[in-house]
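By letter and in written order, the chains are A, B, C, D, E, F, G and H; residue numbering begins at 1 in each of them.
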Amino acid sequence: MQKEQMTQILQAVAAQEIDVDQAQKKILNQGFTELDFAKIDFDRQKRTGYPEVIYGAGKTVTELKKIIFAMLEQNLPILVTRVDAMKAAILGEQFPTLHYNARAEVLATKPAQELVGKIAIVTAGTSDLKVAEEAAETALFLGNQVNRIYDVGVAGIHRLFARLDEIRAAQVVIVIAGMEGALASVVGGLVAKPVIAVPTSIGYGSNFGGMTALLTMLNSCASGITVVNIDNGFGAAYSASMINQIGVAK
Amino acid sequence: MQKEQMTQILQAVAAQEIDVDQAQKKILNQGFTELDFAKIDFDRQKRTGYPEVIYGAGKTVTELKKIIFAMLEQNLPILVTRVDAMKAAILGEQFPTLHYNARAEVLATKPAQELVGKIAIVTAGTSDLKVAEEAAETALFLGNQVNRIYDVGVAGIHRLFARLDEIRAAQVVIVIAGMEGALASVVGGLVAKPVIAVPTSIGYGSNFGGMTALLTMLNSCASGITVVNIDNGFGAAYSASMINQIGVAK
Amino acid sequence: MQKEQMTQILQAVAAQEIDVDQAQKKILNQGFTELDFAKIDFDRQKRTGYPEVIYGAGKTVTELKKIIFAMLEQNLPILVTRVDAMKAAILGEQFPTLHYNARAEVLATKPAQELVGKIAIVTAGTSDLKVAEEAAETALFLGNQVNRIYDVGVAGIHRLFARLDEIRAAQVVIVIAGMEGALASVVGGLVAKPVIAVPTSIGYGSNFGGMTALLTMLNSCASGITVVNIDNGFGAAYSASMINQIGVAK
Amino acid sequence: MQKEQMTQILQAVAAQEIDVDQAQKKILNQGFTELDFAKIDFDRQKRTGYPEVIYGAGKTVTELKKIIFAMLEQNLPILVTRVDAMKAAILGEQFPTLHYNARAEVLATKPAQELVGKIAIVTAGTSDLKVAEEAAETALFLGNQVNRIYDVGVAGIHRLFARLDEIRAAQVVIVIAGMEGALASVVGGLVAKPVIAVPTSIGYGSNFGGMTALLTMLNSCASGITVVNIDNGFGAAYSASMINQIGVAK
Amino acid sequence: MQKEQMTQILQAVAAQEIDVDQAQKKILNQGFTELDFAKIDFDRQKRTGYPEVIYGAGKTVTELKKIIFAMLEQNLPILVTRVDAMKAAILGEQFPTLHYNARAEVLATKPAQELVGKIAIVTAGTSDLKVAEEAAETALFLGNQVNRIYDVGVAGIHRLFARLDEIRAAQVVIVIAGMEGALASVVGGLVAKPVIAVPTSIGYGSNFGGMTALLTMLNSCASGITVVNIDNGFGAAYSASMINQIGVAK
Amino acid sequence: MQKEQMTQILQAVAAQEIDVDQAQKKILNQGFTELDFAKIDFDRQKRTGYPEVIYGAGKTVTELKKIIFAMLEQNLPILVTRVDAMKAAILGEQFPTLHYNARAEVLATKPAQELVGKIAIVTAGTSDLKVAEEAAETALFLGNQVNRIYDVGVAGIHRLFARLDEIRAAQVVIVIAGMEGALASVVGGLVAKPVIAVPTSIGYGSNFGGMTALLTMLNSCASGITVVNIDNGFGAAYSASMINQIGVAK
Amino acid sequence: MQKEQMTQILQAVAAQEIDVDQAQKKILNQGFTELDFAKIDFDRQKRTGYPEVIYGAGKTVTELKKIIFAMLEQNLPILVTRVDAMKAAILGEQFPTLHYNARAEVLATKPAQELVGKIAIVTAGTSDLKVAEEAAETALFLGNQVNRIYDVGVAGIHRLFARLDEIRAAQVVIVIAGMEGALASVVGGLVAKPVIAVPTSIGYGSNFGGMTALLTMLNSCASGITVVNIDNGFGAAYSASMINQIGVAK
Amino acid sequence: MQKEQMTQILQAVAAQEIDVDQAQKKILNQGFTELDFAKIDFDRQKRTGYPEVIYGAGKTVTELKKIIFAMLEQNLPILVTRVDAMKAAILGEQFPTLHYNARAEVLATKPAQELVGKIAIVTAGTSDLKVAEEAAETALFLGNQVNRIYDVGVAGIHRLFARLDEIRAAQVVIVIAGMEGALASVVGGLVAKPVIAVPTSIGYGSNFGGMTALLTMLNSCASGITVVNIDNGFGAAYSASMINQIGVAK
């Protein structure tokens, strides 16, 4: 821990145990940032309730086991995203306290803390559910209340209007849509809350794996909309949680 | 006129004035298609009320003068699109019977015929007016009633709902929008009429000169929407007129 | 049903059974749009013959079974697009009244109603048949007569000319082409009917999964052409049906 | 005002002045959404301090004059973005109470209300100042305290570290960068606050008018970052203000 | 055969067996183009030695069998491109007179005619051989002498110089290259013969499936280069054959 | 001249004037390629009639003057492409023997030699004339007969059929088209001659400066088509000339 | 200077003038990185001869004047890139010791130090000279010997071979090419030195402002090539200088 | 061996065994370049320690066996990149002296020579290890010392600072990063050594297979960075080796 180490060095200087040159060299050489920033990160985690998150895609079961084991030893809560059912089955046997959301492909500790605020997660269609559930699980894990409002896309816009009050009751709104992604603009025009838009790769033809929805959301004529990467339910929930808990912290 | 020419040739054969070989050669060589198709085109124009249209961009005033003069001599109605104000001023002096719509950049004969059916032209913003007016002038020129419903984009969707009955009263709906182009999907989900969507180049950043709105419209989750090229108000009105007059012709 | 509910509420007000505040709250809270629009949708379906359509891609057999079952219970006609042969076999056993078009990958109720008007479906090559058959099945399902004119691409343009009269006899023309998609322009230049162009993903190299044909069709030098998304046979037929039945309705 | 109008209608029903049918027709026909939503918008404006904003690009001085005049008559605060110096000079004479930020190209009423919370606006280079000042003026106009931290890009990362405490002291951070846009990731990795990233069109070659910075920001390896359109300083500040004032409202 | 049919019709007219109206109708209705162009195609085939070619990709073995059978019945030579080894094995049993080039994935009749002229087929690497062999088999099938000059890419440009005389001895040069495709420019700068460049999809990263090589070839600083689609060995050979046989025909 | 120099070196070896080591060093060091290839280029020019061509874009009048002067001194024929009217006026005064084609923006010596063979230059529209005339001037300059067949695009395909015999009478066909570029495919399907397709930058919206026409031409369903860069009339004519003169040379 | 400041703080601690807590706070708060890194930067500049460089594009003459004045006061050498002739004229009057390379658009102090090593700057055409001269001026400014080898593109590859020995004599080679950029691959295949490739925006049509050359260079089949951004002559020279001086420093 | 062959020819001339003409013909015909350049390549290999490298992707085990066998016969060191584990197992049995790095997918001779200089290989994440190990194995094979500094991406920038001294101690730095690739800019801003940036295809959504990281690196605001193709660990190490050994050679 750098601060303590620096204290010791300075005390040694004050005590004339080491001279100024030696002290200076120690301080400069010892890599303040590494220890310092690690501490800050550690503090932030405790303070903000944002623990480390594991991106499961491309990691083997063995690698995941090791990481989860190491974190559990430190009593850290676990959130693994993009874990397919096969891997989850094996990990589930090993770590029975974790629950698996198969649609979200998320493996996580149940949130122990009280859920606060409210994040509305709104999807255009049923095909967007995988991304929506990843967002929901992430938001819950980070301690937020979640209201799922699914399948209210603009092809049948009355479904959206029917649930507008619920959406307006949230502190932050996550809008998830594929195809042309128009739902984000419509919601952005109807609510006075920050909207985080998540394009999904749902669609075909000139959809280009979600690029069309992404561009739609970036060019929205409604104000108050920011955008994350295609299919990035986790990222949307992470930002939404930060925003939701600003209100809570006060 | 090929048919008449063919008649003459065949009559000459029947009258033994020319032999079979000569006749065959004449028929094959004379360019049947040229004359034949010209005739068909001419017929179509009379029948459907679709006269020749002049694309003004890239043509000089002199070139435009010649074409207009030639067409007026044949008593043909005139529609020139994409004529800037400078050219229009000169042409207006020369051809005082033509009227100029400065916002549409269209110079045209006043439609003499009775206007039929109804085409609704709906825009998202006021910046889309140039394209909308090109569509409106084209539709009027082709003999259709037009209902202009402007500035009803999804950022303030109540403006759209307020005029939904008018939109539903049309036979065909043209939806014109730039930026993210979400209006087409919303309208497509609310009306049971063919929707022709026109992306406009209005926007900035990742709008890419209208590409974003174009992709949005092609990927719409609502059914019943077809799309034309960016800023192509003329093309949308031309297709809309064909559709509108199907109903009329019955 | 909102209208009836509103009637009841208003009658209750008139009868002094509830006061103005209660009535106002009921009307605003009950989700007018949800019920109202649902009613409109229901009306439209009856009126225009456009029932709900099921997009089969990405849905499990179980999900499809549930949806079909629910719709059949309401005596609704069934159209499921993008159902592969495997799923279709299982569903076919369950729902023997549905017929399956293997090339179209469409599972549908046989259209009971009389077929009206005429939609010509024109393809450039034999590889475009899957999309064409999806369009054909959709058009039939929606109650339109269909004329299939396949494999008349511009590499051997005489095949097109030989069937031009048939194409011209339709009310609407759907042109389906992959590779460079030039057929849409050629047809658009030869017929005086609305043309809906469908780019297909057939091709290789710089074809980019249909993007080349899509751009070709959007930039057509011929007028009267509108475009739908790549491989979207269903969407083309849906719009074509709307147009075809304008004439019929009169 | 729909609610009041509805009250009147219902009172008339209760008073038997009109019958149920008349009442129903009035309620359905009068465009509930139009008035209702307008009311909501008006409420929101009062409640959240978010007045209408005028996008100056593409509007003539005359058009701007009319809009500003109309808004001032209603005692509304004015924010016009993307007004060039020429237009601003003319408008400034007409409306001397407005101040003009030449670098931001923003013309606005001075914010009368007390500024709350804190939004840090961080830029990579001096070329990003135009966008940053648009964000700053917007944030101030909407009632937020602003801390400008400019020219701290990663080419000389020590400049960023020197001001990290200030950045961490804000409730929301706007990071503005062109070229490769790496600053957003670095800031995102160092602060525990929501980061809104704004790519700018600054750069050359394969920068593609800001597309490179946009993609960088969307793909950031750091969590807690959301993105707005290229050069959209206004949009970033609008969202940031919503977020900043969540904390304030509590 | 239209010409003969027309002769018969005209003879019937001359013989007064049918009247002018009947004749005219017959001529117009019978699809002149269909028969006429079919005849021209047939003539061209005989005259230029360019028989029909079958694109094997996407066709089933059964479909291929039918087409080959039908063509063999008419004594037509067979060229099937893009036939994988599996299909080729089955077809080979059925049609033992055809030979299969496994690398080219081409199944063809041995060219009976004398080979004329000379087409040089030059590749940058050994990975381009599949495309090169498709070109070679096509060129041979169409009656051209072929000189294969493989693996002479610019990373070791001395290999190219060593075989420059051979390349210069051809009438037409096909240059096939993937990755950055620079070989086409180098060859184009060294030979005074028409060069047809074929980009291949060989490469990785920002190669984009051959797009990079395609763009390179289109932008070549050397004159005399034309380009075909990515991996289109057949198309290059087809054009090269036309060119090569211009010289022969004289 | 390397060959002569090598002769001298070898003679010196034979005469024992220098030893083997010295000779070897001289041969390896002297830069054979420079002199050798320069000679080959010089030979080729005389042999094939392909003199140096000057690309005028981006060169100042002074630079052009110098180059032209130097070439005229060597009695070389002059072809300067992409010279705007302003520059051409000045150069025309200086070099009165050169003629200027204003539409082609080409400044050239009149071809003295007899024109041979036949190149057909076919355009879709009148907007393609600039590119077509650049091709025509280049083809003439290189000694080829040219047949201009302009404005026969597929929107009115009968115009093409009327001139098909002329097109078929050429040895090579250059097809020039903007917008969707479909003409190349249609011509390719109708003639048995090599077709060189030139996409032009004519169009708007999703035309992307000619990219759409380029992709169309590369993906043509007709065989026998090769493609050059957008607006590259010179390149097309250069290749066409090479092909046309194969026939002539025999 | 942080080191000195830290020394003072530590001395104060040693002298018991301040306590450990105060010292620690001072060290952490004062922005160690800012001063520390500035120091490192300053050291590096002295040590490596890499002074600050000014990017002139987008800066006003006044801004440039201020920066140059400030740097000259510190006796720093000046290198301003992308200064157009107009600005340069004004700055030249003010700062007569700076020389201006009009083609490079670079304004710089004459390098006083001895030039070391050798950087070869190779261009494909004369149009690449602006970028090449920017590279040359930068390389000279940074103290490197430069060998300019211009206009040796692959369309006349003998020009390259003639100067191969000179290229091979350099420590690093910068290859600058537009259009298809093939020169980088050819040079990379012929020399055993690090090659830095610079794509230029020279070209037209599908060149896409240098993108084609950029992709070519990234996909080069030759090893030993790295790439910088389009037109980035400065960046190439900066990296080349670092490499060249590795050899020198030893 | 050309040099020897030329010696023999020249000796024969000196010995009057052949005359000057015969000698000249032999020298010119025998493919000087082929042998000459091969010799140069061979020399370079000995001189620079850069032997031939085998690109394993797309080659069969049999092909690889043949090549390795041929090279081992000539006592050449072996480096095969992109060999999957399956192939490697078979080749490992056949050639037990080669070692296989499974993560790198590289099969190589152990470097016998003394390792010189120092190349730092820095990665952003653990997912970049495959590319990093390919670079490391290549660098070692070419005789360079390597320092692996993995998983120091900007999401936790303190990890980078902790190892900055190590990075600065290298002669050349390879920075490998996927996702947004920001690490290259940060490292470039902190070290005074040439940086070679390698984008990796790690990421999802709008990452586009590494294109985003590639663009980021090309547009870096830091100087001294050059870039290679996506995932091209081999290429980066090859260039880095050339640079590293400049210092060594002195």
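Throughout what follows, a contact is a pair of C-beta atoms (placed from the backbone, for glycine too) under 8 Å apart; a residue touches a chain by one contact, two chains touch by 3 or more.
All figures in this text were calculated on a predicted structure; none of them were measured in a lab.
Spelling it out: a chain qualifies if it touches chain C and also touches chain G; which chains qualify?
A, D, E, F
Going by the average position of its CA atoms, which chain sits the greatest distance from chain H?
Ranked by distance of C-alpha centres from chain H, the top chain is B.
Counting C-beta pairs in contact, which comes out ahead: E-G or D-G?
More contacting C-beta pairs are found at E-G.
Of all chains present, which has the mean Cα position farthest from that of chain D?
E
Which listed pair, G-H, B-E or C-F, reproduces C-D with over half its contact pairs identical?
The pair repeating the interface of C-D is B-E.
Report the inter-centroid distance (CA atoms only) between chain F and chain G in whole Å.
39
Averaging over Cα atoms per chain, report the distance between chain A and chain D in Å.
Roughly 25 Å separates the two chain centres.
Two-or-more-chain contact residues of chain H, please, as numbers and ranges.
32, 36, 156-157, 190, 205-207, 211, 214, 218-219, 223, 229
Mind giving me all the chain pairs that touch?
Listed by label, chains in contact pair as A-B, A-C, A-D, A-G, A-H, B-C, B-D, B-E, B-F, C-D, C-E, C-F, D-G, D-H, E-F, E-G, E-H, F-G, F-H, G-H.
Mind pulling up the chain D residues that touch chain C in the complex?
On the chain D side, the touching residues are 3, 6-7, 10-11, 13-14, 16, 19-20, 23-24, 27-28, 32.
Hey, which residues of chain H end up touching chain A in the complex?
Per the stated touch rule, the residues are 127, 156-159, 161-162, 202, 204-207.
Provide the residue numbers of chain D that touch chain H in the complex, in ascending order.
124-125, 153-157, 179-182, 185-186, 188-190, 203, 205-208, 211-213, 215-223
Which of the residues in chain A come into contact with chain D in the complex?
These residues of chain A touch chain D: 37, 44, 47-48, 50, 53, 171, 190, 192-194, 196, 214, 218-219, 223-229, 234-236, 238-239, 242-244, 246-250.
Would you pull the chain H residues touching chain E in the complex into a rising list?
Against chain E, chain H makes touches at 31-34, 36-38, 41, 57-58, 199, 201, 209-211, 214, 229-232.
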